[in-house]
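You will see two complexes here that share chain A, one where it goes with chain B and one where it goes with chain C.
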Partner chain A sequence: MKPDLINTLGGGLLNVLILLVTAPFFEGVLRKITAMIQSRQGPPLLQPYFDLLKLLGKDDLESGESPGMQRFAACLSLASILAVAWLVPMVGWPPLNGAGDVILLVYLLTLCCVSTLLAGLAAGSTYSLMGISREMMTMITLEPLFVVAILVGAVHTRSLRLDEVLSGSVYAAGHFPWSGWIMLVVLLISFQALVNRVPFDIAEAETEIMEGPLMEYSGPKLALFKYAQMSKLVVYSALFIGLFVPWGSGLPFPANLCVFWLKIFVVVLGVTLVAATHARYRIDQAIRYFAGLLGVAFIALVLAVYGY
Partner chain B sequence: MTAEHAVFYSFIVCALGALLTLFLGGNRRVAGWTAFVAAGVSSLLVLYGAGKTLVSGPEDAVSFLALPRYGLDLRLYVDGLSALFLGLIAVIAVLSAFYSIAYMESYPEYGVRRYYPWFLLFVGAMYGIVSITDTMVVFFLFWQIMTFASYALVRFEYKRPENVRAAWKYLIMMQIACVLVMLGAAMLAPAPGGAAGGEAINRFDFDVLSAHLPMLLRDHSAWAAVAFALFLAGFGIKLGMWPFGQIWLPDAHPAAPSPVSALLSGVMIKTGVYGVARCFLWLVPAAGQKDYPSQGWGVLIAVLGTITLFSGTMQALKQEQSKRLLAFHSIGQVGYILLGLGTCLALMSPANPAVMAIGVIGLCGALFHTLNHGLFKSLLFMNAGSMLHATGTQDLNKLGGLMRYMPLTALTALVASFSISGVPLFNGFASKWILYSAAIQGGSTARYLPACALVAILTSALTLASFIKFFGVSFLSRTSARVKERVAQGQPLEVGPLMQAPQLILAACCLFLGVVPGVAVHIIGLAIDHSRQGLGVFLANAPMLGNGPWGGLHDPQGKAVWIPLAIVLVFACLFAFVHGITRLGGATRKAVPPWLCGYALETDANRYGAHNFYGEIKRYFRWIGGSPAPQPTRPQAESAVSTNLPPTAAGRTG
Partner chain C sequence: MVAREILEKIKQKFGPAIPRADLPAPGRLFIFANPSALKEICQFIFHDLNARYVISIGADDRPVSGQFMVAHNFAFDNLHLLSSVLTYVDGEPPVVDSISGVVPAANWAEREFRDLVGIQPKGHAYPKRLILSDGWPEGVHPLRKDVPWNFVPPNYDDQKEFTFEDPPEGCVVVPFGPFHPTLDEPAHFRLYVEGEMVRGCEYRGFMAHRGIEKLAESVLTYNEIPMAAERICGICGCVHNVAYAQAVEQAAAIRPPPRAEYVRTIMLEVERLHSHLLWVGLASHILGFDTLFMQSFRMREPIMWIAEKISGNRKTYALCTIGGVRWNFTPELKAELRQVLDKLETEWRAAADAISRDRNVQKRTRGIGIADQALIRRAAMVGPVARAGGVDIDCRRDHPYAAYDQVEFKVIVEPDGDVWSRILVRVKEVFESIKIIRQCLEKMPNGPIQLEIRAELPPGRIGLSSVEAPRGESHHFVITGENNRPRRWRVRAPTYQNLQGIPAMIKDQQLADMTITLGSIDPCFSCTDRLETIDLRSGRTRVYSQEELVRLVRARKDS
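And then the complex of A and B:
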């Protein structure tokens, strides 16, 4: 029991710390590379840290009629993504393995979106509401894709445990079934949407509805939402690697972590490249796109159930 | 006093209460309190009986009134399953009666003589339905009392033609259901004077049917299958299964006064669940298990459940009337319960204990979801009732910004919305977690179950979408013209303490069972353990989910685990930490108006109403039906931002 408790607490705190420290760095990388692709100089790598610090001291404007809900939603956004960090193997094992499983993981990821929805509703601006309507529609069609990836892993390992599913389980212990490959492709081409980046940042869409749900937020609350957004990129990358790119995690201690974070860096790089070179889709185009992918994912699930 | 006697006395209390409220009906308050006392006493009796059964196991069935000449034998038997449903009915009935006291004052043009007597008869008949053993005459009597009482309640506002129409539809559907169930029972009953029918007074008694069944399953399997199909159809109508539920349920539930909607949706449709569970799992004796095609019935019920949950929820997403939206969600949530029952049937294999254990987890999830749905759906109907009481409308398009004026109702509605959407740490998540883990793990035996689980998880996101709309446009968003008008009249919008108390209690229950689901699972485990009729023997002997009442949930093989208290701790620390971060910079808070690009005045015309939500999804699923009829005079334009407004510099451009 004792080593378990240390693993849980230590791992959880470590995950939260690493996430808080690295998330703005990866955002900085993303911005820098985007700028380079677009032939700009771009901000320094550490700019996102300064942005967050600056926002913490800015005026906190509350436009909603229920400011209590606005405060709650802002805190929930970062708190829920940090809670998810307790379920993701970022330093070698999922810290809360003994208290939750992959179903909890799926629903906690949903909770991260719920915070944005509540924030938009509480702010009450027409643009916010339009944004949350889009956010919710994206979520309805997107969430099942991620769920299928998890389910394929769960079906192959016959387990819902985090450590078993988030260790390349879609490949069923090395005999590389079709379902695993299909889900890899499906998640690769929907990954931008999972982390709310161009071309699927439809809910925020600065150029059309001015950040949608976040439009009315400023100061520390905006800092929390931004921080949560940056963390989401790292958490989803870690989940993606856990599910689909397990190679190298068996190496001895310092090497396995280096390999892991290198892989995260590569994923972020990929996200950046796609984001910098694509234009945003409309919501109906996006939904049709995800619905097609959902059909493919469903086939993958059926294949997985039959052991392929 | 045995549990059976307690239930019998509660009938008498309900009947006396009904008489008394009929005489006292002239005074609303007095009649209301009388009904509450009657409902309270009968609930206490029933809870005593249910508790006794759950703690010390069932006793022998008791026959209270036998008239063999008319085939009437009022024989009651309370086992664990009955106790569970009795407990649910008792809790919701007493809270609903309490809520009625203040709520019924909002109907000055309708007398309560047509409300409280029927209310009490309705509750009494529901107690009866889940504890009688007869399947013919007594069943008919109780079913008819339940049906006619609820018919009268649905028809309460008889001056509105749509309510009368809804009530008629409801009555006709319930009569069809009654005929189907009795037909099924008649097909299974032994011939009069036969060997099997000789020992009991009544050849339609549950135990007699059960004893006769192995022979039927062996020699006349098609005949038995037809009878079971009739049970499924009959009880399916009652519980709102696709395609029957869509016919009556969305019309009947919103038509009734809100406390009755809470009873109808939270409790009455559960008698259908009880019927399906009782017939498919507890009617077939252990001896007939080999010839009983449980896998086949499992496929049928799980697939019907999946269709029900998806279609009901997708139709709910389109609704713009608060109570109608909730009614469609009742169909959706009942689908989850059916999926759990189907999982249990599909994995019914006494020869293979590991598979059997997963099946029992499915049943446990179904029963837990039954309890949870009773709690949060009653709460939601009470919330909708409070909104109706405060604003006089069910139209979500006309609501907005109520959280400021009704903070307590808003808070309880948020709890209920989170519960039904399956947000972790609320009770809906716990039961859905159990259902999913059973369905996913059952995939290696019944290969369609993971697909059903996928649809269920997808539907859970739809439920969230629907309740984000329900909660958001009524309590958050911005104050609508209608609400402003009501506020200007000077009275506080928030309902009084008499209506707040039941909402608070239900919200507390939702939170409690969400954080400590082990308590409910422990009770359900006791219920299954104390229901050893028929296949119940196998269910009772299988290992149960859980880790004691306080230790969270994990399945017997340790492949799935959910310990909410750990997550509560993590969340509490993280919230404190994050809140600390916001304080670091010493930012000052200011209240400002929202920014509308600096040129448009904020009016009802450019509010984003319930109608505007999820346009694309609604368009793609138009074929699934349930779209609300277009309203002739819609205040706002189709597009969210009306461009023909005069360009006035009213924003905060400065």
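And then the complex of A and C:
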């Protein structure tokens, strides 16, 4: 075997493993800090692991219109986010650097959202359908934001390679153009929506449409969706850090890894604080908000093309 | 005297149709009208004299007069007067002119006496069943005196499904309930939804009617009923407890000792404190703002503890008997209550500040679920919902009871009529309640807390009592009777009227706003249904039929 292949395979599997192990931990952190803000004791840090184990151990009930499709959607949601893990630098470099590029990254991220749509559509209950109509509206306005951010980076580096784009490319190697700053702000204020947290957990809003697309799911299938949700938080944090907060990745091993995971921790902390201090927006309010951001993002893209 | 002036005005117009009128106490007026003039008199009172509709009552008076009785209650809030227009009707089935055409808020109440007493409201625009389930046979009316309290008709079909109207064209039906995370109790809204917009709805409630009124009229005694009354509601039980006691006291012309009235005032305000804090928490939860939910529940907890110290119970204080109260305040209790209030006031001021500055919450609640003055009058809505719509009514000031005429407080009114105004009203009322309790603690006289009643209460007297519950006016109507129990007792909880305004409030709004709009009236279905939910745990997996569940629940005495 060539060392390249070993690097890719080993690194990819390592990334998947790291993601699977850390995602529930960060969820635990999120829950614990939320509890502290709310003057509660909160669950132990390891509770999300137990939750997942418990759900995985339950009977696989079939409730909904097309059980086969539902099972597929559940697997797809976790699988797609784990596939994204191959493209994200979590231990210093993106393992699939040789074969994949940022276009693949965008496709896989969209696939995660599509799996939610599929889940709701296959379940087919009224609330699920309302949930996916909300999810669809969010997706249409939200996904382009992330794509534009990546494109801005790609334009600045004149490359679609993962390792080049995901290392602070938006700042054009220390030139700090306007477009980079604009995209930083845009993604900062839409980040809650990318990871489906309050105030933008509209598609699942428990008190309105009872978890929307996930309403019909329980047991192992629910566990997969939950796992995907937790992983999404870590993956998007890693992508955000790759694009916008690259400092410290040049440090010698293991200091660079420590800095990286510290940054992830800070992002999770930020998400928690925002989620704990906001009420949920309504779908039309959220769409208007995203549409405004999208306009700003396109301006940034144009600026980037002209080198600003 | 205002009651006399009002009566004169009505008599001038309808003199011959009013054979009798009573003014038994200040602030009470009973007009006995001929059935033929009932509708015109109610129209005159509602439209020309500008009274507020309260409730309608049907009663089976056959054992005494051989007839059925119908009463329509109205309140003249700025004149401090509660009035009742009564009439007696014959026949089988007895028929009375429906007033819901001229007083729209009477819609439910008339359907209720049609279901329960079998008095037909003639000319009712929407005479669908309201309370009885669709499987209940025609012609059996549980509140008639010849129907035993535990009677179940042999042809009762408890599996029969409800019949619903067809949705308008182009709309999808979104079922909201009978069970939904934001409904604490079973109630069923069938929402007609077009995209994300609600175009209309149909309501079916009354899913587990407990028949408390029937029990009171046939099994319980005067002093047992307060304990049953406060079980009408798990949140504002003390209100029903006090309102019932006051209605009987008014009917029998008894006045409890002053100290008892102060104790009642304090406990009612303690209840309002815990209820408003609970509501702010639940409303935040509905909006997805769980931090405020948790914080307001934390602040509420000391109130529950002090209530337990006073009455032995966090809720259901078992406070009143006829002519007094059962719990007294020691100096230590008073000091402790003061401390709890001080702490709550500081904490709530911080919370109120945070809420009033929160743009995010305002975005979700401003201009949402609007109940304007016209709707409030049409549906006879009460309490914080009315006050948030600029309608300045509050029974504590308008129809003073207990010790409310001895204390000073502000009635909080907001002009906009949206969910945000309702939040503001309730948030500010917390401070007023604290103020009231402090004044009561200061002014409470010494003396007995229970009046000695030796004689039998006189039968056939009518009592009305309105108590300002956290959700609005709770109105109790009592006719005293024989055998140490009332002949008829009718409870009108605030949600009964507020809920009737909901279809107009949610129409042409986003579905996402439906839950907070419904939440903003602080609905209390148990008050409205006078029902009870039963929590049942089972380790085995099997499906129980309703019948089996009922049997199981009855067999289990230890849980």
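One rule holds in what follows: the second predicted complex is superposed on the first by the 307 of 308 C-alpha atoms of A that agree within 3 Å, B and C clash if a C-alpha of one lies under 4 Å from a C-alpha of the other, contacts with A are read in each partner's own complex, and residues count from 1 in each chain.
The criterion applied here is as follows: contacts are C-beta pairs under 8 Å (C-beta built on N, C-alpha and C of every residue); 3 or more make two chains touch, one makes a residue touch a chain.
Note that this is a predicted model, so its numbers are computed, not measured.
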Which partner does A:T126 reach: the first (chain B), the second (chain C), both, or neither? both
When the two structures are overlaid on chain A, which partner does A:R40 contact: first (chain B), second (chain C), both, or neither? second
In the superposed arrangement, does A:Y306 touch chain B (first), chain C (second), both or neither? first
Could you look at A:M69 and tell me whether it touches chain B, chain C, both or neither (first, second, both, neither)? first
Looking at A:I283, would you say it contacts chain B, chain C, both, or neither? Reply first, second, both or neither. both
Determine, for the superposed model, which of the two partners chain B and chain C contacts more residues of chain A. B
Give one of first, second, both or neither to describe whether A:V155 is in contact with chain B, with chain C, with both, or with none. first
Partner chain in contact with A:V84 - chain B first, chain C second, else both or neither: neither
Residues of chain A that sit at the chain B interface in one complex and at the chain C interface in the other, please. 126, 130, 133, 283-284
Mind listing the chain C positions that touch chain A in their complex? 172-175, 180-182, 195-196, 284-291, 293-295, 298, 358, 360-361, 363-364, 510-515
Can you name the residues of chain A that touch chain B in the complex? 12, 16, 53, 55-67, 69, 74-76, 78-79, 82-83, 86, 96, 98-101, 103-104, 106-108, 110-111, 114, 117-118, 121-126, 128-130, 132-133, 136-137, 139-140, 143-144, 147-148, 151, 154-155, 158-161, 215-216, 219-221, 223-224, 283-284, 287, 291, 298, 301-302, 304-306
Which residues of chain B touch chain A once you look at their complex with the stated criterion? 401, 403-404, 410, 422-424, 429, 433, 436-437, 440-441, 443-444, 447, 450-451, 453-454, 457-458, 461-462, 464-465, 468, 471-473, 475-479, 552, 558-563, 566-567, 570-571, 574-575, 577-579, 581-596, 606-608, 612-617, 620, 640-641
Can you check the complex and tell me which residues of chain A touch chain C? 34, 37-40, 126-127, 130, 133-134, 198-199, 201-202, 205-210, 276-285
